[in-house]
Each structure stands twice: as C-alpha cells, then as structure tokens.
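The two complexes that follow have subunit A in common; it is paired with subunit B in the first and with subunit C in the second.
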Partner chain A sequence: MDNKSQNNVAVDINKGRSRAAALFRKQEVFLAIFIVVLGAVVAIVNPLFLSIQNFFNIVLAVSITGISTIGLSLVLISGEFDLTLGALMSVQAILFATFATKIGTGIAIVLVLLLGIVFGLINGLLVTRIKAHSFIITLALLSVYSGIALVISNGEWVSMKGIFPVFKGKLFEVIPNPAIVFVIVVIVFAIVLRYTKFGRILYAIGGNVQSAYLSGLKVKNYKILTFTLAAILYTIAAIVLVSMIGTALPTSGDVYMLEAFAAAVVGGVLLGGGKGSMLGIFLGIIVFGLINNALVIMNVDPFWRDVVVGSIILAAVAISGYGASRK
Partner chain B sequence: MSNKEQYASVANTSMTRTSKLSRFFNQKTVLVLIMIVVAIFVTIINQNFLSLKNLFNIVSAVSVIGIATIGASMVLITGEFDLTLGAVFSVTAWLMALLTPTYGATVGISAALVAGLVFGIVTGLVVTNVKANSFIITLALGSVYTGIGLLLNRGAYSSMSGFFTIFKEKIFGIIPYSIIALLVVLIAAALVFKYTKFGRAIFLTGSNQHAAYLSGIKVKFYKVTVFAIAGVLYGLSSIVLVSQISVAMNYIGASYTLAAIAAAVLGGVVLGGGKGDVLGIFLGVLLFGLVSNAMILMNIKPYWRGIVIGVIILIALSVSGYLESKE
Partner chain C sequence: MEIPDNNLVLQTKKITKNYPGVKALDNVDFDLYRGEVHCLVGKNGAGKSTLIEILAGSIKPDSGIVEILGEEYMQLNPTKSIALGIETIHQENFLAEDLTVAENIFLGNLKRNKAGFFSISRCIKEASEIFASLQVNIDPSVLVNTLTPVEKKVISIAKAFSEEVKILILDEPTAALDEEVENKLFKTVKKLLAKDVSVIYISHNLEEIFLLGDRVTVLRDGRKVSTRYVKEVDERKLINDMIGEEKNEITRDKKAGTKDGKLEAINFSRRGVVKDVSFSVHRGEIFGIGGLVGSGRTELVSLIFGVDKKDNGRLLLDGKDITPKNPVDAINKGIGFLAEDRKSNSLMLYRPIYENISVVDLIKRSGAFLKLKNEKKSVQDISDKLNIVAPSINQLVIRLSGGNQQKVVFGKWLLANSDILILDEPTVGIDVGAKEEIYFLIDDLTKQGKIIIMISSDTPELAALCDKVGIMRAGKMVKILELDEVTEENILKYSIGSQS
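What follows is the complex of A and B.
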C-alpha cells in the first residue's frame, strides 16, 4: 500500500470523525438536557429523587443492561448486528451458576470468561465467513444459544445456594458493587474507543468498510475481535446478574437484548456503523434507568411503562434524525 | 442527478433481477434438500411421519406463523424491518377473544383486522417520516403497542372458549381449515407479487429505492400500504391462533416477531430488500414446522428445537452464500 492512499484514508477517517463529533455533540446535549429536565420534574414531585441513595439505585438498576449495551455498541459501531446478546447471557448465567456450585466460583469465573471468548470467536467467524446479513446469522445463533441454555439446565433454574453474593453488596455500604463494574467498563471502553488504534479502526470499518479494506486493514480480524469483546462483556454482565439475584434461569438474559439496542441507539450509536461515542452510550443507558426510576418514584401506573419508554426512544431517534438532516 | 447516473441505477436494478432468479433456485433447492434429508431420517425412525394426517398436521401447525411471515416478508422486501409484529398480534388476539363472546365472531374478527390495519398505517407513517433505521423505530413502536395493549387489558387475559372454533376443525374431517386460510393468503400474495403494479413497485422500491423514486413510484405511499397490509395479516394470523386455542393474553405474539424474520430469510427474502418470493417463504416456514414435528415424532426434548433450527439456518445460509459466490 502506498503512502498516498494511506493519507487519503487517514483524511477520510478524520473527516468522518469530525462530522460525527459535531452530530454527537447534538445527541449528547439533547440527552443531557432531557436528563436534567426529567430530573427536575421528578424532584419537584418527589424530593426523595435527589437523594444519594436513589442516585445509586438508578446506576445499580442499569448496571447489567449497561455492561451488555457497551458490548453491543462495539459491534454496532463496526457496522454489524449482534442479536446473540440475551441468549449468550442466558447460557453464561446457567453455566456460571452450574460451575460455581459444583467446582467453586474462582474456576467458574475463569471458565465462563474463556467460554465467552469461544462464543465470541464463533460469532465473529460465522459473521465474517457466511455471505449473509449479520442480523440473520446472529438470529440463528440466538436460537442455538437459547437452545443450549435450555438443554444444559433442562429448562429449570439453577440456584447459587447463597455462594458468591459479592454483587448484592455495597462498597463502604454506599456504592453498589455492580455499579462499580459498570463504571469501570464505561471508563475502559471510553479510552479504548477514543485513544486506541483499535477504537479508530472500529469507526473506520463501520464508517466505510470498503475504504477500510482498501487501506489494508484486516477488516475480518477486527470484526472477529469486536464480537469477542462483546461476548466477554455479555459474560461479565451475566456473572454480575447471577451473583446479584442468586439464581440463573435459562432465559435470564433474554430481556436485555432489545433494551440494549434501544439504549445504544438513543445514545447516538448508528445502526449501519461508524458512529457512537461512549458519553452518548452512557447517557442513553442512564436515560432508561432514569425513566424507570421516575415512573416508580412518581407513582405512575406501571402499565404506562412500555408506552413511555417506546415514545421516548421514538422522540430521541426522530430528533437526532432531524438534526442530521438539517446539517 | 445526471442522466448517466440514472441509467446506471436502472442497469443495476435489472442486473439484480437476473441474478435473483438463479439465486432463488439455489436457496429453495437447499431448503428442499434439507427437508428431504430430515423426512427420510424421521420416516426410518417413525413411519407415522409420512401419513396424510401428519403431513396436514405439519402444514396446519405453521399456518399461524405462515400468514404472519407473509406480512413480515412484504415489509422486508421493501427494504424495511417490522418488529411490531408480536405486539400487534398480541393486541389483535386479545381484542378478538374479548369481543367474540359478547358481540359475535363478525365483530371480533372485524375489530382484530381493523386494529391491525390502524397499527400498520401508524407504523408506516412513522417509518416513512422519521429519519432513522426502521429496526429501531419499529422496536420503539412495538413497545408502545404492547403498552397500549397493557393499558387496555390491565394485564388480564381474555377467553372465548366455545366460540368461533372453525380453525380447529377440518373439511370432511381431513383438511384443516387453518391450511385453507394459509393457502388463500399464500396464493393471494403470489398473485399480487407477480401480476400487479403494486407487486412490481414494492420489489423495485426494495432493490433500489432511489431508482424507484426517480421512475415515479410513490415510495412513501407504497411503504405505508405495505405496513398496513402487514398489520392486517398479523391480525388475521392472530384470529387463526385464537380460534385454535380460545384464549389470548399479553405477549402471546412476542415469539413470532423474530421467528417470522428468520423464516422469511430462510426462504430467500434478503434483508435490505428487493428479493423474495412466496414459494420460498412457504418453504422457509414449512421447514420450521417439519423440524418441530420431526422432533416430536422422534421423541427428542423440545429444548433441542432452537439448536436444530439455528444450525439449519446457518447451513442454508452458508450453502446458498457459497453457491452465489461460485456464480
């Protein structure tokens, strides 16, 4: 590859990023304003909302969705879909609970993380080898992983029998441990996306896969790596979940899949790839936690939840789409 | 846009047309081969498989998802996603079961179909007017519709046992009425796809939206119409199900959303639009039914179903992708 095309690609990437950055600022500003306004309204109705305790409740409630959403976002930024999120969490939850109760938590954590890497490699290899949309490939894999979770558990739940309650606990009796894991994951991947070569390459591949390939990037390898990182994050989310609630169901993770998509997109991640910042993703996740918390604390009829959540996703994508078209 | 570009895009469309034919042949051949292998295998273990009664059972069992999949496929062919299927299905099923005992089946059926139509039109209008991926828009709308259902029924199920049981029954005690319903929808869809201006318009819209727009096709109008028809078909499929099982509750349709997309793609509908035909879709749906039936006859635990279906989808995609690349 000659220098010239390399420079062109570099320019391309930079252009993509600065254009993206301008748009993201909008999405992030919008989310921040939304969070402040909603927070103010809720605080007026119920001052308890502003307590430290409630603040940590919100972060705790989104920890598991948050960790898995960050994994999914990596895949989305690279321009692919990953529908295995929920099913993979379910398999890992069952495996972790089974291993932990039989051979100890230490080995169980290592084992499921290794298996997470294996599952991620399988996802990445199949998506990059089979000539079909990753939506349908990962949908087929979702079906396989759900099946594995059911077969291993025989359709029954697996109890942790009280062992490994660490994620039920709080640091200094204040900060819930799952929230700490979530924040660490946020910080690590904020750095990865912004300051590492891998992060830049991820945006380049998602922004324009053709030019990324032509500039000599091993696109397939990076995609496989992305799916693997995502699977590791789903695994971490599953471990935290099982420890938190003390049992694993063969469907434990299922509810997180579409929630994660919604949080990522509200946070400014573009389906199709190339766009999305960690700040946006983080705010997107917090918005969901805030809404759920606000509905509870304002004593809103729980049957309104789905309508409110759906409408807010719509509003967010409509506004960011409008902003993009105005540019 | 210059004339040259316009010609180029038209040329592109006709190119995809010709390669389409050969591709479909391949994908369908793969499906038929898989079915023959499964059928031989099952027949060796259990001769009942090949009985006329069992073959009708297989088709009857896929009539509900078959009708819904035609709706979902039409949306996919125009190049959009529709994740509202499950939510619309659940609400229309509930309406049908609620109204039929008091006001009669005509009112129940009308209400279900009209509700499906209204949901479909709303979905179409939002998708064509909000600048965002229809995956996320219909995900949000699905949440809103589910919420509307919950607000209406407050989480309660509705039952119409003894009323409108026609889709449980069989003509001359042999051919289930549910198969007739499925066949009517399949034939109507095949005729519309092949012989109407509407059919040609939706395929052109899906394969090259820009060219379709430039050649004077009212892209938005056709998209809204397709979502509306899909909504009616979701309503119709829910009527068949409720007639068979007599009860309806929230989330009754939830599992159909992704299953319909999987069946459609298995049958040769391409995510991204422009490709698909009714015979392929029917084969895709039928394969699902065949596998479920085979597993029952072979006494395999239902937990394995997801794994088997997932692996079959992956095999079919790999083979047809491979055949396509050889061309």
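What follows is the complex of A and C.
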C-alpha cells in the first residue's frame, strides 16, 4: 500500500531526529541503568554503601533539592524558565525563621505559604504580561528576591532558637522526616503530571504554545498557575530546610538553583518544554544524591566534587541525545 | 531566434529534481539572454521556486546541467552562484533591519577609508550615488527598520547595483506592493536592463508580465509547457498553459447541501489587512477562499476565529450572533480551526498521537482527572476512521508522514465535534493518497450538515470541492463565485488581478 511507503519516507527523513527521540523516551531506562552501575561500583569499593542507613542518607541529602526541582520542572515543562528558585527559597527561609520565632510556627507556616502564592503570582503575572523571555524576567526577579532577603535579615542569619525541630527527626527512628515530605511531593506530582487535566495541559502548552492557544487553552492563566505551584514548592523546601538546620541565612537557598536545573535536565526535562516525566525527574534527583554520596564514601577529595558532578551532567546529556531531538 | 547566441547568459539543460512522491522539475530547459526580462509563471507547486533555487545554488538538481556564460555546472552552491553574478531577490526582504540603508547596500563589500577601517561616510556617499542614478529618493543614512515595505524592496534591488550582478532573479517582488510603487520598481528594473543585466521575473500578476517581460515561460507540474515572446501571447493563452487539460480526479456532489441553516460573516475588517469582507455559507456547503498567498486569506480566517483583534465583523449562525471573542470562545461556540502550517500551529511534535488528538476535547471537559481509558478508546476510534498509519496511538507525531500528521490535526477537531470547520491549506505538503482521504473526509463532514470554510492555493482542489469560492486580493474579497461559476479558470483569473 502507498501509505506504507509514504510512511517509510517520513521515517527516513526524520531518522536522525527520531533516533534521538527514541533514546530520549528511554531517558528513564538510561538513568536507571546508570544508577545501578554506579551503585554496584561504589558498593564493591565500599560495602557500607549498601546499608539501609546510607540509603536514607542519600534520600535525605536530596530532599530539599528534590522538592524544589519538582517545582522548577513544572515551569520547564510548560516551556518557561524560573531562575527565582534559590532566591525565593532564601527569602522564604528568612521570613519563616523570623515569623516562627516571633509569632509561632503554625502561623509562620501559613503566612509563608500564602506569601509563596503571592510571589508565584507575581512571577507568573510578570512573565505573561511582559514581552520578554522568562529567563530574563526571572533573572531580574532573582536579583529582587535576593535583595529582599538581605534587606529583611539585615544580612544576618536568623536562628530558630531550637523551636520546630520536626525535620531533624526520623520516623520510626529510621526514615528522615524531610525524605517523607520529598516522597509525598513526588507521588502527588507524579499523579498530577500523569493523571490530571492540569498535567496534560502543561505538556500541551510546553509542547507547542501556539497549538495550545488555537486549541482553546487559556495559556496565560495556566502559566501563572504553574509559576504559583512552583513557588509553593520552593516555600515548602525552604521550611523543611530551616527546620532541618535550625537557622536561616539570607543566602540559604542560593545553592539549590543550579542543582535543580541540572537534576531536571539530567532527568529528561526538555528546556523549551513539553517533555519530562516524574519518574525521570525523580531518577535525575537521585543520580545527584548518589554521586555526592559515592564521592564521600569513596573518599574523593571534596574539591573534586564539582568537577565530577559537572562532567557527569555533560555525559548524561550527551549520551541521552538531549539537544539533538530539538532544533 | 532573432537574438544571436553569443548573448546567451544562462541555460539549463534537462534539469530534473525529485522529492518523495513529487517530480518538482522534469527535464526543464530554460534560457536567458543578455538584457532581457524572462518571466516565469505557473500555479503554486509548478516548480518555479525549485528552478530558481537551483540557479541560486541552494538546491542541488538530481540531473541536468546549468550553463552560465558558457561554463557548464553540474551543481552550484550559493557562494558560487553569487560569484558568477546571480542575485536572487526573494519574496521576503533579507535585510539587516538595525543597520543603515547604506550599510545594507554594501553589506558584502563594506567600504573602508585610507586607514583600512570601515567607513560609514564612504558607504553613505556611494549609496547616494547609486540612488541618484536610479532616481531613488531614499536617505542612505537612515535605519532600514524605519522604511516602508516598498522602500525595503527597492533597496534589496538596489543592492544588486553595488555588486557585479549579471543575472537578477526576482521572486514575486510586487506581491505586497501597491501600483504606484510597482512603477518605481519597474523603473529600477529597467535601469538594470540598461546595464546589460538579465532578469528572471516570477510573478502571479499577468499584467506585470505584459508590462515588463520580453519572453515568458510557463511551468506546470514540474514540466516546461511553453516559452514564448510576450508580444505573441495573451492572457488567455497563458492561463490555458498554466491549467493544462488535465482531468480532475476529485469529484464531489455539490448539490448535497441541506440549505437550511446558514452561517453569515458580515463586514470583517482589520486595518491594513482585511477590508470589509462578507460572505455566507449554508449547512452542508463548502465555502472556498481563493487568492494568492499574502492576499489576506489567512488573516481573514484569523479574524473570524478570534485569533487576531478585528476592527469590525460579526458572525451569525442561523441569525444568531456567535462572533468569537477569542479562540476559547470560538471553540465553545462549535468552531474548529485547522490552521496553516501544521508543525508550528497545530501539533505537539514530541507528544504522542493520542495527546494531540484529544487536546481540544479534553479542555472542554470538566473534572480535574483524566479518564485515560475512555480517552484512548475514543482517539483509537478516530484514528481508525481516519486511517492514521502508525504502530500505535502512543507514537510521537514527529515520526509520522505529513499526510498522517495532517490527519491527526483533523482528528483533533473531529473528536471535538466542531460544527463549523475552518480549514487553512488542509492538503499542503501531503501525498496524493492522503489528499484523497482528506477530500473524502471533508465531503463526509458536509453530509453531516457541518459548515466548512476552506482556504487553498490548490486551484483544482478549490474548484472541485467548493460550492462557492470567494477570491481575496489585497485584503478584499473581490469576487464570490457562485456554484456554476466555480471553475479553475475563474479562480485563477480573479486571483491574479485582471478582470478582463
């Protein structure tokens, strides 16, 4: 039949791209293999790696990064950028510590979550109103939020004075509490992305914004909602962080932004939008925890850590044919 | 030939170029003499663009030889073509908008001062000289982005004067221009001819050919039909050559419309784009929109669907006002819009077939959670009905052929059960088999009493399918052809702007 030959022609034309796309779809498979291989190597060098204790150490170490990475991933899937991640976490950490010590933890949690919604709305509104790339707009906002964190803290750290130590604790003396929050967030957003209308709409907007618009989607509203959800997740990450270490710095969140971008990208989220699964994102986050943990366990000089991490991002992205599937 | 052969500057011998499923050029011989204007005409897809792109070096022919100034070439590349003195001026202007006019004129050959540094004053001075010789009244020191479209076109052509151009290819230079400016443009071209430059002139506007051309070649379906002296042809001969005597394979029983229920578009206008367009179409009918690319066809349907802001315009269905405010509103009112250029407007290429097809329907549904089973079942039904060729509906759309991709877009609006469907170039870039399936599908929709508005550059398609055809020219609907007037010849005649 003629249709078949036509189809073959199309396959030929797209061979290069579809091959990359096929690999792309297997990003999760690739990451899983990577994790198993790396784990095996480390386990041979140091059997301690395989202990329950160490497993939870890894999950604990990525909890904060993980929660914020999921927020960022929502924005990336919708085809936008959000560079405010770290700065917003810093502001929220300072605000939470300040409120918690002055007016009580309960009210503080409610207040910063509400403020998180406000910050998210501001991000979303500006991105959808100003005709500039969200990279630029959120870069400017990053600066604004960082400044706010410094202003309200007067550049100094705020101690929790021992209150609200929940996230220092462990459930049944084994499972670190931050890990529980992380896993809950993973499960919730796995369901959101896969089984809800909102999740599908995120992919539709990121997949082709013009098509989404012509298909009757209120694109701007959904983008604002996405930025807001992301800001709420950054806020949760900030609360857990402050509780865990007992103090808030005006730069507490700053380290998380690059890691979150890296984890999302390694996890298969496409810069440009429309691609990325919760499983992939989760595995991407775990890869980072694993590498950090392995370096410690294998006694690698900590100064080499960043070099190794960067090299692994490059390798992962190159092997999975990342950019190749998109011009 | 009355012109001696040593004046031959360019000749193609048996140029052939195949694309999957299409013979874009089939053994085409073409020649060009010094100082002549040789016009190239034909319907969309006749092979004009392919031919000039081969001459410009951006496409390599499968076989055949290009001979330029006595030298034979199997294939060219853009650098080579330019070095040989071939300059192509495309429909769009490729100018550096944020540089001055003078800098643009000398972009490949910027003037330097004695110290060897770039000298803007020298550029401006020499550009002024060129403009003066062309009697062009443009200040070379202003930025290009402050100029009108016409001035930009003139500059594109004037650029040719700064270089050693021997052959100038003009691809529909007047499509976006009004008459006054056309004259200016023609003057410029004539100046070039006086410098012994030869011109290949592509136009849909036959009047221009009679004004400017020495000879005219008609291409049809990749083959050369005729080359004649302009003095020896008339419009009728040209149109006949362009259409040919091919039998139409497409047939549709046009009397099938139910004639109850009517959609009326009234006074649609947008300043500078669409001027006061009105038409009506009954249930079960197809209203075709013909005209050249750039005549305002897509702009018109964008106004109707609520994509672009309109100055004026109402849409009535059975007398009830359903004018959409925006696409969301249009879809809620039962209108579907299959936009042109499916890849940029209609498809999520890196998402699976089923997500692409269900998106409109999904958005309309209430409830926060997806019903994946139902969704996949209804998409599978649509996919079977449309005969989408793919291993499964989980296949990414990027991996489908053009025809199957277009069926996915149709599927989207079928699943959404749109009552009124606007189709913008529904069969562009798809193979013959898929085309026929889409014709069948459109016919089937009219039998269900749907209303179809269809833009197409494919004249036989419009003539065969549509109950009425409105012809757009320069933003106006200049003519509405009724049932028995809908012929290829009429569509072409009114599109190319001669009422004779």
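As a working rule, the second predicted complex is superposed on the first by the 296 of 327 C-alpha atoms of A that agree within 3 Å, B and C clash if a C-alpha of one lies under 4 Å from a C-alpha of the other, contacts with A are read in each partner's own complex, and residues count from 1 in each chain.
Going forward, a residue touches a chain if its C-beta (ideal position, glycine included) is under 8 Å from a C-beta of that chain, and two chains touch if they have at least 3 such contacts.
Predicted model only: the values in this text are computed from it and were never measured.
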item: Broader residue contact with subunit A after superposition on the shared chain, subunit B or subunit C; value: B
item: Contacts of A:188 with subunit B and subunit C, given as first, second, both or neither; value: neither
item: Which superposed partner A:133 touches (first subunit B, second subunit C, both, neither); value: first
item: First (subunit B), second (subunit C), both or neither touched by A:141; value: first
item: Partner chain(s) touched by A:166 [first = subunit B, second = subunit C, both, neither]; value: neither
item: Contacts of A:41 with subunit B and subunit C, given as first, second, both or neither; value: neither
item: Which of subunit B and subunit C A:50 touches, first, second, both or neither; value: neither
item: Set intersection of subunit A contacts, subunit C complex versus subunit B complex; value: 270, 325
item: Subunit C-facing residues of subunit A, complex; value: 2-4, 6-7, 9-11, 13-14, 17-18, 21, 25, 195-201, 203-204, 207-208, 210-218, 270, 274-275, 325-326
item: Residues of subunit A touching subunit B in the complex; value: 83, 126, 129-133, 135-137, 139-148, 150-151, 154-155, 258, 261-262, 265, 270-272, 301, 303-311, 313-314, 317-318, 320-322, 324-325
item: Residues on subunit C engaged by subunit A in the complex (per definition of touch); value: 20-21, 305, 307, 327-328, 330-332, 337, 339, 344-351, 355, 359-360, 362-365, 367-370, 372, 387, 389-390, 396, 398-404, 412, 431-434
item: Complex contacts: residues of subunit B adjacent to subunit A; value: 83, 126, 130-133, 135-137, 139-148, 150-151, 154-155, 258, 261-262, 265, 270-272, 301, 303-311, 313-314, 317-318, 321-322, 324-325
